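Two complexes are shown next, each including chain A; its partner changes from chain B in the first to chain C in the second.
Up next is the complex of A and B:
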């Protein structure tokens, strides 16, 4: 099926009447009096509405699409005393039908990772599950790779997003659309008025990343490197800010807290970061990861080893957002090279390391 | 040989000498990153690692803050900690000395005159370097290279321009910025004067700062931090450079620097390690315009 590029906005308009539609767009950074910062182009997925300019040329967005499924702040329930002094608890369930248009393969793979966390192993998250069920994922094949993209080294094809409902490929005049799931098939049949039969006259050349890493065998190697001096070395420059975790499409840790006002309050969960001191702080102020090194090690071990042990896939999808955004250039691709090159000393192969995450 | 190449050559040879002679136990400079012209903070402890040091016009990281963590891990009798200091780093070091965060006699400061650093992607001068008032280090043990001429920075140009805008547009402008904030706290972590053992943000039992990501909470965080560092801000601009979301943090900081200058003739922070903090002292002649 084909969607003419000049009918795209019509389709988005139409879909917006039935669902919240998210598209990649530049994040406008206004300058009021000529002041400037060094942030460069910022972008994110934003709800389509009048005035929003979707930008499908963006390689990938500065902020990942994860907040559609896992918002930075997810309100869980309200509580308090009513006018008669009777306590109440009102759960908040706010999942809407959502269409995300223009996900990249890495973004789709990150949703697969979050599905593992929030929907498997006998646990189904009551906030994630309905959002996921109501999400239609429309992926767009990458026409180019950014300097920091390395998804194809992580087993992801930038040209096809394996589990997307619908895969788009951009041609000169039109997008080709193919349904990859039943949900995608059903959507395409509803979009018929905007589509035409056919194929792209010229299939675009497949994209590959110029940045390559060797990710095979990483988990096995890391299982023997828990006490390796490499962690001390690479963590020195880490600021322990949360940039990498918050721009990461797969980082999914959260903290639960509340805001209280007079006789009522709200319980909510919000993104947390293993880079933060208070992430592991316990009642009584004991902190098993008070220092910088164990926190840095935890982040990379979780990405490249522990997650794979539990779920059978890497928690790094090679989107390169942390590579591009880390303020001190602590680069996971450099680390992957260093892990590959690190000599294994028997003394460092500490018993039980695998279970210490 | 360009200035930066000759500085790189002296830096490498001095680093090797200092480390080989055990005068210093560790040295913090810059090394090469993965991408063209990219640099990254580098920590070395052996003379043969000195060849990995890089000095170019793309050394965007300000290194001063690392003095705290590295000194806390170095055993005093192992030798000193050497750090490369340009104007921005040196003022941060002075502030940390003044705040008793680090000890001068445990530091060896390799001064580097700096004409400003560039963004490797755009090739343009970093905005944090545009209105630099101290290109030459203000404290050092030895200077690598010749001092450079100080410019005529317009430190408060953007602040004055913003002051001219009406209140509603300023509010809209800053709220749009705070709305973008993702609360990664990179601004705090990279700041040489954000040295509280426990930040107000992390005092959950008191609960100054809520964890919800929204404009109100984000505004509270950024404004409180700006006030808290106001009389100590050395105007290095690292907070704004580190910010992944492009918040105009320096215009906030410089507004407060300017106000303190107007009210208390506070001057520039970090020019030496002894000057008093304008908000930490009381003088009966202080203005009391709100009393």
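Up next is the complex of A and C:
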């Protein structure tokens, strides 16, 4: 099926009447003084509405699409006492139909990772599951990779987003559309009025990333590197600012807290970061990851080793967002190379060094 | 046959949203430890759980914390809570009848069935008796199913010993059940053993033959007693412990309580030392 590019906005307009539609777009960032600054440097999946200009050339959006499923702040329930003094705890389940248009393969793979976390191991998360059920994923093949992209090294094809409901490929005048799931099939049949039969006259050349890493064997190597001096070395420059975790499409750690007004309040969950000191700080100030090194190690071990041990796939999808945004250039692709090159017999030296130091 | 411990136990009736419950009784154990019994607003037991499982208790406007269920009865679950932080301070200000939020039970449990027929050596310090108490009371309630029972328990002073009335009273009345209590420093009202836990444990010289050790306490007690148990010949598969970590969700999603690829809230908190040997974990 084909969708003429000049009918795209019509389709988005139509879909917006039935669902919240998210598209990649550049954000206007207002400064505190109110004037618009930095226009165009920050991008995100934003809800389509009049005035929103989708930008399907963006590789990749600065911020990941995870908030559609896992909002940065999500109210879970309201609590308080009613007029008779009887306590109540009322869950807030507010999932809407959502269409996300223009996900990249890495973004789709990140949703697969989140599905593992929130939908398996005995507990289907009651706030994630309904949102996931109501999400239609329309992926767009990457016409070109960004400098920081390395998804194809992580086993992801930038040209086809496995598990997306619909795959788009951009031609000169039109997008080709193919349904990859039943849900996608059903959507395409509803979109018939905007589509035409046929194929792209010239199929675009497949894209590959110029940035490469060797991810094969990474988990097995890391299983022997928990005590390796590499962690101390690479964590030195980390500011523990948490930027990497907030721009990461797969980082899913959350905090739970509350806001109160008089006798009633709301408990919500919000994105948290393993880079922060208080993430693991317990009452009485005991903290197993008080130092920077164990926090940096935890993040990378989780991404490249622990998650795969638990769920069978890597928690890094090679989107390059953390590579592009880290203020001190702590580059996961460089780290992966360092892990590959690290000799395994250094453990003894480190212990000696630690005791001596 | 080593004792088998189940992991990855998803049994909670509530995931993230608690039910409103009430405090049905409070007993003051020490100056900063209270035991709270909690039941539903209708006066029923909030959930059934196994010894060693945990639950998330909230003082509704202030926040929630994970605690082990230290005991349970027909119509209540009990939590033994030391006042150490923000939420526990609020908890200590509650009175009987006050409303709390409760969700759970989370995690795995002590292998009470697998321990049948064995001699049991409980080793704990201070508030570390709380999780042990759940198994100990279970064992005492099924006394004839188990061999000799010993509790080696210590605290800094007499004021740091919880459930002293049980230790010096009810628990001693069961057959072949022995209580060994020490304090770390001489104090008023104490004429018993003065010793750290590990040397006391070594002095008592337990044979590892047919005996399983169950250990719970702070990092230094844990490390030293573990060394003592190893010295006494206990193999790591015969030493059972329960871990703690900061927790927010209880269902293996929020991320912070991991040890390697496992989450203490969901895959633990109960492990054998043999299992921990394969994980990137240390007693600190």
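Here is the rule we use: the second predicted complex is superposed on the first by the 334 of 357 C-alpha atoms of A that agree within 3 Å, B and C clash if a C-alpha of one lies under 4 Å from a C-alpha of the other, contacts with A are read in each partner's own complex, and residues count from 1 in each chain.
Going forward, a residue touches a chain if its C-beta (ideal position, glycine included) is under 8 Å from a C-beta of that chain, and two chains touch if they have at least 3 such contacts.
Source: prediction; values computed, not measured.
Clash-free side-by-side placement of chain B and chain C is the outcome of superposition onto chain A.
Contacts of A:63 after superposition: chain B is touched, whereas chain C is not reached. In the superposition on chain A, contact of A:236 is made with chain B only, not with chain C. In the superposed model, A:306 makes contact with chain C only, not with chain B.
Contact with chain B, but none with chain C, is seen for A:72 once the two complexes are overlaid on the shared chain.
After the chain A superposition, the centres of chain B and chain C are separated by 90° when viewed from the C-alpha centre of chain A, nearest 10.
When both complexes are overlaid on chain A, the residue A:327 reaches chain B alone and has no touch with chain C. In the superposition on chain A, contact of A:255 is made with both chain B and chain C.
Once the two complexes are laid over each other on the shared chain, residue contacts for A:147 go to chain B alone; chain C is not touched. In the superposition on chain A, A:157 contacts neither chain B nor chain C. When the shared chain is aligned, no partner comes close enough to touch A:112: not chain B, not chain C. Of all C-alpha pairs spanning chain B and chain C in the superposed arrangement, the closest lie 5 Å apart. Note: residues 255, 257 of chain A belong to the chain B contact set and to the chain C contact set alike, using the contact criterion stated above.
Contact residues of chain B toward chain A in the complex are 33-35, 38-43, 61, 65-66, 69-70, 119, 121-122, 126-128, 157-158, 161-162, 164-165, 169-170, 173, 176-177, 180, 182-186, 188-190, 202, 204, 210-214, 240-248, 250-251.
By the touch criterion stated above, chain C contacts chain A in their complex at residues 8-10, 12, 15-20, 41, 60-65, 84-88, 99, 101, 219, 244-246, 248-249, 251-256, 258, 260-262, 266, 280, 284.
Per the touch definition, chain A reaches chain B in the complex via residues 27, 29-30, 32-40, 42, 62-63, 72-73, 147-148, 211, 233, 236-237, 239-243, 245-247, 255, 257, 259, 268, 270-271, 273, 276-278, 292, 325, 327-331, 333-334.
Residues of chain A touching chain C in their complex: 76-77, 79, 81, 87-89, 91, 117-118, 121-123, 125-127, 226, 252-258, 260, 265, 269, 272, 274, 279-284, 286, 288, 298, 301-302, 305-307, 309-310.
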